[in-house]
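As written, the chains take the letters A, B, C, D and E, and residue 1 is the first residue of each chain.
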Amino acid sequence: MTFNSMQKNGLLLAAFAVIATSLVIGVQLLTEDKIEKQQQQQVLRTLNQLIPPALHDNDLYQSCRLLEDPALGTRKAQPLYRAWVDGTPTALAAEIVAPDGYSGAIHLLLAIKPNGEVLGVRTLRHKETPGLGDKIDVEKSNWIKSFAEKRIRGEDDTRWAVQRDGGMFDQFTGATITPRAVISAVKRATLKLQQQADVLFNADLPHCQEGQQ
Amino acid sequence: MSGSQTMNRDVNTAVIGHFPGGVHPPERKQPASSKPIRKLALPQELILPVRQHIGPSGKVLVAIGERVDKGQRLTEAGLSQGLPLHAPTSGIIAAIEEHPTAHASGLPEQAIVIQPDGEDRWGNKHALPDYHDVEISRLLELIQEAGIAGLGGAGFPTAQKLAQQKPLKHLIINGVECEPYIAADDRLMQEHADDIIAGTRILQYITRCDSVLLAIEDNKPEAIKAIAEAIGDDPQIHLKVVPTKYPSGGEKQLIELLTGDQVPSGKLPMDIGLLMQNVGTAYAVKRAIIHGEPLLERVVTVTGESLKQRGNVWALLGTPIQHLLDESGFTPEKKQRIIMGGPMMGFTLPSSEVPVIKTTNCIMAPTEQELPSPGPELACIRCGACADVCPATLQPQQLQWLAKAKDYDELEKHNLFDCIECGACAYVCPSEIPLVHYYRKAKAEVRNIAREKAKAEQARKRFEARQERLEREKQERLERHRKAAEERKKMQQEKADKPESKTKEGDDKPAGKSAAVAAAIARAKAKKAAQAAKDSPEEDNSAKGNES
Amino acid sequence: MNEYQHLTKQGLWDNNPALVQLLGLCPLLAVTASVTNALGLGLATLFVLVGSNITVSLVRQFVPSEIRIPVFVMVIATFVTIIQLLMNAYVFQLYQSLGIFIPLIVTNCAIIGRAEAYASKNPWQRAAFDGLAMGVGFALVLVVLGAMREIIGNGTLFDGAELLLGEWAAQLRIELFTVNYPLLLAILPPGAFIGMGFIIALKNKIDAVRSARAEKKTVTRARVTA
Amino acid sequence: MSLFGAVIALGVLALIFGVILGFAAVKFRVESDPIVDQIDEILPQTQCGQCGYPGCRPYAQAIADGDDINKCPPGGEATIKQLADLMGVEAKPLDDAHGEEDVKKVAVIREDECIGCTKCIQACPVDAILGAAKQMHTVIEHECTGCDLCVEPCPVDCIDMVKIKAKPETWQWDLDTVKENIKANSIPVKVVE
Amino acid sequence: MSFRIAPSPHGHNQRTTSEMMRWVCYALVPGVLLQSFFFGPGIWFQIILALGTAVLAEMACTVARDRPAFSALRDNTAIVTAILLAISIPSLAPWWVIVIGTLFAIVVVKHVYGGMGQNLFNPAMAGYVLLLISFPVQMTNWLPVSTISEHSLTLWQTLHTIVFEYTPAGYSVEQLRAGIDGVTMATPLDTIKTELTRGYTLTEIYQGPEFSYFAGAGWQWINLGFLVGGLLLIQQRIISWHIPLGFLGGLCIPAFIAHIFAPDLMPGPIVHALSGATMLGAFFIATDPVSAATSNRGRVIFGLLIGFLIFVIRSWGGYPDAVAFAVLLANMCVPLIDRYTRPVVYGHGD
């Protein structure tokens, strides 16, 4: 009785598991390519906002490399995209982190020209207070676009601060922590990328797909 | 307190225990405690409910028109918790009938009405001045025959309480009388301290207890003095003066106060070696044993500002409340309340035609100004004031929610039945919720549910038994039919030519009876037809169905 | 009333999984910040529900009761994973905004509840219909709640419908009003709870009114005895 | 290869769990809860049939099978509440198609009109009526459940359903009734000389 | 003769609920006066708006629930709710803020839960949280206190600002907030929070104009005002001391310990006690009996919990002040606290 029940239930359940898993695997194989393409497009959509087609003729997505640098705001390796026109380096883009947001880390995408001029910044993910700190989102406000075409004069460039602290960026009503965090993260990363632009364009960095997915 | 300190007797103010909660309502005992107990004129009639205590009523021994002597027994004690009843004065039995009684419901109960003849003529008395060589069981019998019930409030037959065969740590005599206004025990102690102590010694003798704690609240210095003198240097009776706080006179609270122990829930004080009697009971026991007088009268505080003469009176049992009021200069105000008992636990009477019974310690006719009625009930704000004053450390606000939600299981889990209905919670409730009233209703409902459940169980058993019986009968009938059919077959085979016998049911009915029955049926049919004409045609169908 | 009408009434109103059974509240409360999201998750749930009901009904003869729960879970999990992969591949934007709530469909008790309560006891046609009715009922509540929250919190309807339905749907967007200060509470999770409470209250109220209006029926009394 | 591994791994896991479940199903089998008994316990056992079932037990069975819990007028609100607790469903108001909750009553036979037909005795589900053919019948008050099943069969209409009289010990502390109690029962005292 | 029937006990001593609530209003006076001195007359408009809304909402709800319109107003609790909410928000907040908040507090938090005595949450604080979450900008627009402010508004200017969101001269509240040096001023707690994240030490932060003697300029006096009112309530036995003591203990003891270990990062107990809504919360908000624990032991625990939550949120949370959140969180724990602090019933001990 006991043995019968064990044998029957065990085999049946195993059979179901095998069928179910095989089905999932089948669908997975079918959709694999399509999903990867979608993910590429997702990244490219934001990248293309910052690095217009005129500034690159290479496949930005394929140019992705992993860069590990504390100046990017995290110890984890972050994706770095490199753009060329006719073999001439035109732009660098990196995913950076502002760790000191009001409600945790803010993930940003920063693009600069090799000479250090900021092409633009976009917020990828954040948890800032809705209605207050979420104005860093391009859908909510144009504030994030104010980084475009800004340049940085060095470590102690006091213009890279909110107006309240005597800088050139607006703070938005009711929130100062969020813009401060974003500005300092962008400032830190821009300085770093600007200094190492040459190296980064030529460095042999690991491919994104290998390191993380 | 100062009174007690000046006396160098055994006045022990060091209270061992403490009970939580409690309130300090204005005492207002002065009018009753400062004047001697008055004797009243005989009322026109005395109404004696046959049942004046917990338990079944006794059997009535007298008949209408019978002449009775003072102290003559009117009823015989019932089975277990019964108590006999005696004629408080001589007179004629005027009626034995249903009469509104001293109960909050105003519902009637069987009562014996005596018309006093004014002679106040005693019947036989069996005085027993020295009880020390009498057997205890005989003394208990005498107390039982004297009809003594606890005069403090619950009215449990005293002899049965005393008869418990367990060794006692302490016998507690309760002279606390913590309810505001009431000073019946106070005055009794002041005037009859010796009798009370004598009664206490009888109780002590019966229970063979060598430690008596006699407790009095410290707002009764005169009574304390009188009792202390009456005790003299008796080493076994200890006078305990307890601080004034309501409800320190509650049995459980006083025990906690005097001994520091709690009576476990659902148990009796006896189970932890304690027995409590009221001072009035001690007095009644003394009268019963030493003088042979059954319980015929008691001290009743008659008070409240609607009365001109406030004070204590000796009231014969059965005295109508109206008589007490009349004798005290009653000028009712609009919507006058008459309260039997104190302001905290007493109940209002719907009529002044109800009599004084054994447990009546106070009749109040307060003015609205004196005891303002609560305003409209507001929602509970869970302020917890009620929990702070609850002497049983219950959660009155929770009980109130549950009572309103009729969640009886949860009510029992929240120990509803440990509520002593002292009223402290409702007294302090800022939303003026009649909390105790909700608990009483809930308790009545819980008891009712238990009764219904027992009844349902009984009904189920009877129904099942009936079904079984019907089934059995059906089987038997089938069996009989089968047998009969076989018989018939046999008979038919044997006597094939014999004609069938007539078996008509109606034949053996007497003609006269059947005519009456037919007439009755016809009457009912006519009635139903008339009804059917008024109602819907469906009724008609059902009526027809009945005949089939 | 035939079985299918009965099932429809049960799923859409009388026994609505969201309003009456209060199942699947986690995804319900999480994604209903806008109509589009609500519709997306509603459709996904509907699809899984129909699929799992059919499958469970088809295999019910072979599955002993001891292992029915793990089998149901596996069936549901398979469906959800497949849906997730398909959405990831073909409606990527919506997939992104519904995010982690797609896998949460596995834990939506409405689905396993229907498998256990209905599909495992009925033929597949009926089970499929039950899944459809229940799924539509669930999706409708999602959409109503989503609409409520989107209107109050954002002043719009069908914002971002193109993510779900393709580019043409961008025209569906209705801007009801613009406020400088939207009532953010409606968009935030507490708003979902409060809104849900109001919808349930409304449903109960409607039921109460309807039952008060309903005609009185009479029941013939059974006679226990002769 | 890794995909194949996943299939194998899950298959083996499922096999193991299936075996465990199969074992547990036999070893830890619990006897089913006699829910019908519990429901029957709650019902008032009047056997009145107002629920549409012949007796309380059949209705208990019906509830266990999913029937509504609000069909018992004699039990009223209290019974519905208890049933709701037991069955884990929402309490709902009494379905008045089955009758309304009423005060508790008992049957009383007007004895001078009784013709001794025994029809009521046969109708009484709890054998609470005493009597024999052509003898006057009487109701045993404390056994009567107040189901009123005896009223209809009586050919001479001599059975009344009478409210159970409140007694001080069964009084439900309804202060509104006090005045009525006093009014209804105040009897002028007769004086016998 | 027919007599009146009434349940026992006959007679009553305690203040009624409506009297208690009236006392709460009296006790608020010192704090409110100070607040109107430091933040201008706007608070009076807010109170009037809140009272009007609360009374109308309460009447509408009672009518909708088939009760006489004025029955629910009798207990004065709606008035207390309205005043507490009105004095919790910035005094120049636009009129619709207080109206929405009061409506939510009375209609949703109080009446939807079943009305007086049934609400799980403190209505004023639930209303406050709704506003804070929904309108963060308006709800954080506190003017600098009058003693250090550039602008002081007349009655007319205040009213204009509350109604139209701009002064007659066209300044927004945001602009009014700018201090002498053009830098926008925040509340002291907000300043501490933001400046700490920028790496300043407390010693440096306390040099700012927002601070004086023990804590934030102005705020400390307002808190002392509410403390005085609270002590009056305790003296009058309207509230018991358990919740305020637990509250202040739960806040100040951890603050004291933390301050010893990190004096430049963690503000001390006095700063905590005299900042934000501490005293208002301790004596007027947490002590709302409906949503608080009932036993004395439970009340101490309830107070401790609120105080500790405030400390935690102020120190590490997203908001500078946290009284409202802490109170609501503790409200949720009340059934649990009540359950485990139920005293042993007479005769049930060992």
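A few comments on the model shown:
Note that in this section a contact is a pair of C-beta atoms (placed from the backbone, for glycine too) under 8 Å apart; a residue touches a chain by one contact, two chains touch by 3 or more.
According to UniProt, the chain labels map to these proteins: A = Ion-translocating oxidoreductase complex subunit G; B = Ion-translocating oxidoreductase complex subunit C; C = Ion-translocating oxidoreductase complex subunit E; D = Ion-translocating oxidoreductase complex subunit B; E = Ion-translocating oxidoreductase complex subunit D.
Bear in mind the structure is a predicted one, so any value in this text is a computation, not a measurement.
Touching chain A and chain C together: D, E.
More C-beta pairs in contact connect the chains of C-D than those of the other pair, out of C-D and D-E.
Relative to the C-alpha centre of chain B, the farthest chain centre belongs to A. If you average the Cα atoms of chain B and of chain E, the two centres end up 53 Å apart.
One simple way to say how far apart two chains are is to compare their mean CA positions; for chain A and chain E this gives 42 Å. Chain centres here are Cα averages; for chain A and chain D they lie 70 Å apart.
Shared interface positions of chain A, i.e. residues touching 2 or more other chains, are given as 5, 8-9, 12-13, 16-17, 20, 28, 131. Residue positions of chain E touching 2 or more other chains, listed in rising order: 2, 5-7, 134-137. Contact with two or more other chains is made by residues 350-351, 437, 440 of chain B. A list of each chain pair in contact follows: A-C, A-D, A-E, B-D, B-E, C-D, C-E, D-E. Interface of chain E with chain C (complex): residues 100, 108, 112, 130, 133-138. Residues 5, 8-9, 12-13, 16-17, 20, 23-24, 27-28, 31, 34-35, 38-39, 41-42, 130-131 of chain A touch chain C in their complex. Chain D contributes residues 3, 6-7, 10-19, 21-23, 25-27 to its touches with chain A in the complex. Taken together, the chain D residues at the contact with chain B in this complex read 40, 43-47, 55-56, 77-78, 81, 85, 113, 115, 117, 125-128, 134, 142-143, 145, 152-158, 166-168, 170-175, 177-179, 181-182, 185-187, 189-193.
Taken together, the chain C residues at the contact with chain D in this complex read 65-67, 70, 74, 216-226.
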